[in-house]
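Next up: some structures, all given as structure tokens.
Same chain, two partners: chain A is paired with chain B first, then with chain C.
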Partner chain A sequence: MFLSLFWKECRQLLRSITFYLYLVILVLFYFSQLSTFTPLVKPQPGMKSYGADYAVDKKDIMDGTLGKLAYCFYTNSYTAYPMGFYKSVKLDEDEAARVAEIIEKDTGMDKNEITQFMQKYFNAEADVNEGPEVFTENYGPDNYDMESYDPENFDDESYEAQPSDDFERRMQFWPDIPAVEGLTYDEFEKQMKEIDGLIGGGSDFAPSRLYMNAEKELTFEDLQKEYEDTLYKDKISNAYAREFCDYLGLMLAILPVFLSATRALRDRRAKAAEVIYARKVSSAAVILSRYLATLLFALLPVIVLGAMVTVQCIYYGRGLGVDVDAFAFLKHIFGWLMPTAMTALSVGFFFTELTDSPIAVLVQGIWWMASNFMAFGKGTLEGSFGLNLIPRWNTCGKYEKFTEQLPDLITNRIFYAAIALLLLAGTIIVYELKRKGKWEVPWKRASK
Partner chain B sequence: METCVEIGKVNLKYHLSRHLLIAAAFLVMSPLLISVRNLEPAQTAQSLEMYAALIGIILLVPIFLPDQDKNIRDLTAAKYTPALKVQMVRLAESFIFLVLLLGAFTLYLKTGGCEFPVLEMYAGVLSEAFFLGGLGIAAYGLSDNVIIGYMIPIVYYATNFSGDKYLKNFYLFSMMQDRYEPKIWLACAGVVLICAGLGVRQIKR
Partner chain C sequence: MSTEIVIQNLDKTYGKKQALKNVNLTIGSGMFGLLGPNGAGKTTLMKILSTLLPKTGGEVRICGTDIGHSREIRKMTGYLPQDFSMYGNMSSYEAMDYLGVLSGLPKSVRKERIPDLLEKVNLQNNKRTKVKAMSGGMRRRLGIAQAILHDPKVLIVDEPTAGLDPEERVRFRNLLCEIAEDRIVILSTHIVGDIEATCENIGILNEGRLIYRGSVEGLLGEAYGKIYTARVSKKELPRIKEEYIVTGMMVSAAHADVRLVSEKLPFQGAALCEANVEDAYMYLMQKERRVR
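Our next item is the complex of A and B:
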């Protein structure tokens, strides 16, 4: 019975315009973002710069964060991205005094010394050849607003952006300020959390974002290791699979809700709901067959696209003489993308059954938007998974960094799989109540 | 005129009120989800274009929803008042509330210390909301499926996150780049799409 229901649902989906629209949108999105296979860049020795990355050493993070804090205190301007939207916060006197207190405790510099230090730093940078290019390229006169900035101190040459090597330029334009001896990272983190609270949350002083306040220059050896990790530990395809999941996750967090909402409304529209209610088949069988069929059809195009990239990886790997993991994409699709698709589907089924309306689209739409903006708000699209519906990893490679964050990703995916199953169970319960006449949508009851 | 008022009253009571409540709640929720105080012009544009304009989908797309049932459609087709007139009244009512809600939200941003050209940005966000709603109406009219009516504008909104390289004058987030000409294109496109949606609906009937 269950299998015959399942195949019936599959045949229904093959006749559904919504499914073909889903297919077209997914494929178009994929080809607009990821169609070109980009080979890995092998680092070359002897280059002027290999770019920079966020610091991992706790001392570096403390020094960088204290420098940024001093800069924000100096300008009394704190940037926050609580939901991915920019927010500029100015602290009042008491709050600023508390920040000054923390800075003094952590650096030994009182507020006057901080002000003098900042003035001296930014004016001194103007006189040094390599100073201005540090921040004029990324944060030039048009890009930031500082009271102490004096354009007369810069010569014409310093305004021109320097041609970059192959990698990113410096990200940090504030000076490091060394933390006092004996300051532990835990204590430091607690203080920064307090400051983040004063700002209202989502600032660069939130514990999860502290690492972004300090950078370290990358070396040839760093990039060489990363390249070799991608070849031999990631076996090429796992690195590409992560980037694939990053992009496809954006669509799988929203598109499946349209499939499930359409399916859930179809019975009512065809006036078949009451006929189905009277059948012997259990509510669990009805809902599960629909759910699994929709999930299969939601993931099938993703699997096909993943297979295409796997073939490209295999040919690429052969050219380099490297073994490729042929199942990388399959593993990532089921482990990474499936919980996202399951959640979107479950929201669609649950809210549509509950309300007999397309409100599930709005619910999932808001959730999708919030997830997107939160990812941008974290300032990085590489990890920091937390409990975001859409885990981001917008890069190909960085095996070591990914491995460190893998436990968080696993927790995240299990969490969302559980949410999806809970909503699915809720759908079955609501459906059963409707069959017994014990649940009616409130506004339909009111209009009677 | 009396007929139009009656249609409007019934539509408001039985259909539009729900969507109005959702749209209003969406805007009321905004301080929880986005920044709404002390914003510079580009950030204000972001709040308007990326968030507030979405109520165009909520308010405008469901104008065909009361006639979703084919039996009801056949019944209303037999009435003296043309179905098109009924749909136009619903559209006008939804549009009036769209204008009011976006106006209130824009004023709310202004009183929250945001610095921005009020009239230009208000007209801009209204154009964008009108376009998104029009896209949904056209999709709904063509497919006779409200889910597709919501799907198309939401997907279009999502594609705008990739930038304006392909979308050019139909890019939704142009005010963030201090460009207002695309809003004129969007408003005109909205009109065309709504006419197309209504027209297709009449032909299919």
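Our next item is the complex of A and C:
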């Protein structure tokens, strides 16, 4: 009986304008962002630069952070992202004095020495570069000067970088200032936390963001290893699937709420609610059949798009003589994207049943924006998953870095799957109460 | 298992407002009419019987089963709400099939029963007609068909004829009488004509209280000797309307023929006449108002 109900819900979705709007927006988004299959870049020895990445060594992080702190003190301009929003902060005299105190304690340089040091550094930089470079996120191996890949020539090998290619995009434009001997990382972190508090939180000196204050130059060996990891450990398709999930996650965190909210509102709009309430069927069967059908239709176009890229990966891998994981996209869609879609759907069903209004769209919209601002606020779109609804991995590759963060991603995904299931259970309870006349939207009750 | 509905000391309140007050009623097989003005509590009672509203107090048993066992009750009741419709993009057959699945009917049963029921409600040529393209009357007929799809012992029909044209109304009433042959049909309405044409037994609700329960004859008996007709001048009409409950009036150029309720001879020239259900209902309502 449940299957009959499920298929009937599927048929209803096939006739729903909302579903076709969902489909069009999703597909347009995909083709505007990811339509070109970009081949991997095979690094070549003897190049001018291989780009840079965040440092991992704690000493490097301390030196880079102290340099940045000194620079911010020098300009009295601190950047913060409270609640994910960009904010430029200026400290008052007392706060600046406290910052100077900490810098002196950690580097041995007093405020006059800092000013002199910065002036000297930037004058020298200006002589060489005609002014200090500004911070840019366009750094690292992702931004190799690549030609777009012709998908019809799958037998092409990887694009080989040319020695003349200029990869040097420095993210760190401030100088390193070495920390004094004996300063432990824990102590340093505590002080940076205090400074972050002075700035108002969410600054570059928050403990979770310190690693972004220092960079390390990449070498040919680094890139070669990463390239080989993508070919042999990621089996090509896993790397592409992560980038695919990064983009599609943005859409699946918002669009499905329209499907579920319109489905839940439909009974009332069609004046069919009471007739359905009065049937023998259990509330769990009604809600679950609707939920599963909507989830299937939310994921179907994603699966089709994933299958398209899988085929491209297989042809590409064949050209390189590398085995490709044919199920990588399916695994990523179900493991990575499905909890996001489930959450958006659950929010839609729960809040719509609870309020008999489309307020769920507003709730999910706010959540979606907050998630995006949080990701940007972290300053990286590669990992740092935390409990963000939309896990970002805006790059193709970086197997090792991803593997390090995989446990966090798994925790994140389990958390959201659990949230979605809780909301789903809540929806069933609210629906059952409504069927028995034990729940009524407060403002409707008040109007009686 | 008994085929009756037993309602004892039923109360229902919405916040401070009491919608039903100590209602006691037993309903057996056949058509039962529930009459009352708008806001009398008819829909509240219908919804309690359909498990769509919880009672505040008292006891209700449908064919021996307590109303608290909603799943069991839903198996044996069919409900046609006041404002019935279904998804506009479904055809009448699809709507029936969907609701049949929700009633737990196997495919084979649905396949057999749906065409029969559509024929019974004269929608056999509208199997593919979308719900949104149906007239009000067609929708009500579809509503009846869906309500008896799972062959319930009790059919609860709330204000089914409101807004129907006379022909549709007669057709609909006849259909209900046919259906009531082997089950309990509760017809809630504020249209006295519907009750008069179809029900043997009735209950009258007013402001949440059951002010009459019994047969239609019994109700007519209540008004026996209380209904008069008279021919009066048009000038006298305002005074008569003020002093008496006028249940009917026909005005011509020179005079007016009125039908009114009075405990004794109202004035010279008035003549006693036989009460109809509408007269009796009006008499009862007037008496109720006087008592309160």
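The rule is simple: the second predicted complex is superposed on the first by the 405 of 448 C-alpha atoms of A that agree within 3 Å, B and C clash if a C-alpha of one lies under 4 Å from a C-alpha of the other, contacts with A are read in each partner's own complex, and residues count from 1 in each chain.
Please note the rule applied: contacts are C-beta pairs under 8 Å (C-beta built on N, C-alpha and C of every residue); 3 or more make two chains touch, one makes a residue touch a chain.
Please read all numbers here as calculations on a predicted model, not as lab measurements.
K.L.:
If you stack the two complexes on chain A, which partner ends up touching A:370: first (chain B), second (chain C), both, or neither?
P.N.:
First partner only, chain B.
K.L.:
Tell me which partner A:32 touches in the superposition: chain B (first), chain C (second), both or neither.
P.N.:
first
K.L.:
Tell me which touches more residues of chain A here: chain C or chain B.
P.N.:
More residues of chain A are touched by B.
K.L.:
Which of the two partners, first being chain B and second being chain C, lies in contact with A:262: first, second, both, or neither?
P.N.:
The answer is first: A:262 touches chain B but not chain C.
K.L.:
Which partner does A:21 contact after superposing on A: first (chain B), second (chain C), both, neither?
P.N.:
Only chain B is touched by A:21; chain C is not.
K.L.:
Looking at A:362, would you say it contacts chain B, chain C, both, or neither? Reply first, second, both or neither.
P.N.:
In the superposition, A:362 touches chain B alone.
K.L.:
Going by the contact rule set out at the top, does A:329 touch chain B (first), chain C (second), both, or neither?
P.N.:
A:329: touches no partner chain.
K.L.:
Between chain B and chain C, whom does A:50 touch in the aligned arrangement: first, second, both, or neither?
P.N.:
A:50 sits against neither chain B nor chain C.
K.L.:
Intersection of chain A residues contacting chain B with those contacting chain C?
P.N.:
None.
K.L.:
For the complex, which residues does chain B have touching chain A?
P.N.:
Answer in residue numbers: 14, 18, 22, 26, 32-35, 37-40, 43, 46-47, 50-51, 54, 58, 68-69, 143, 145-148, 150-152, 154-155, 158-159, 161-162, 166.
K.L.:
Quick one: in the complex, what on chain A touches chain C?
P.N.:
Within the complex, chain A touches chain C at residues 1, 4-5, 8, 12, 15, 266, 270-272, 274-282, 286, 435-438, 445, 448.
K.L.:
Across the complex, what residues on chain A touch chain B?
P.N.:
These residues of chain A touch chain B: 17-18, 21, 25, 29, 32-33, 82-83, 85-88, 90, 250-251, 254-255, 258, 261-262, 265, 269, 358-359, 361-362, 365-366, 369-370, 372-373, 443, 447.
K.L.:
Mind pulling up the chain C residues that touch chain A in the complex?
P.N.:
14-15, 17, 47, 50-54, 70-71, 74-75, 77-81, 83-89, 97-99, 101-104, 106-107, 131, 143, 146, 150
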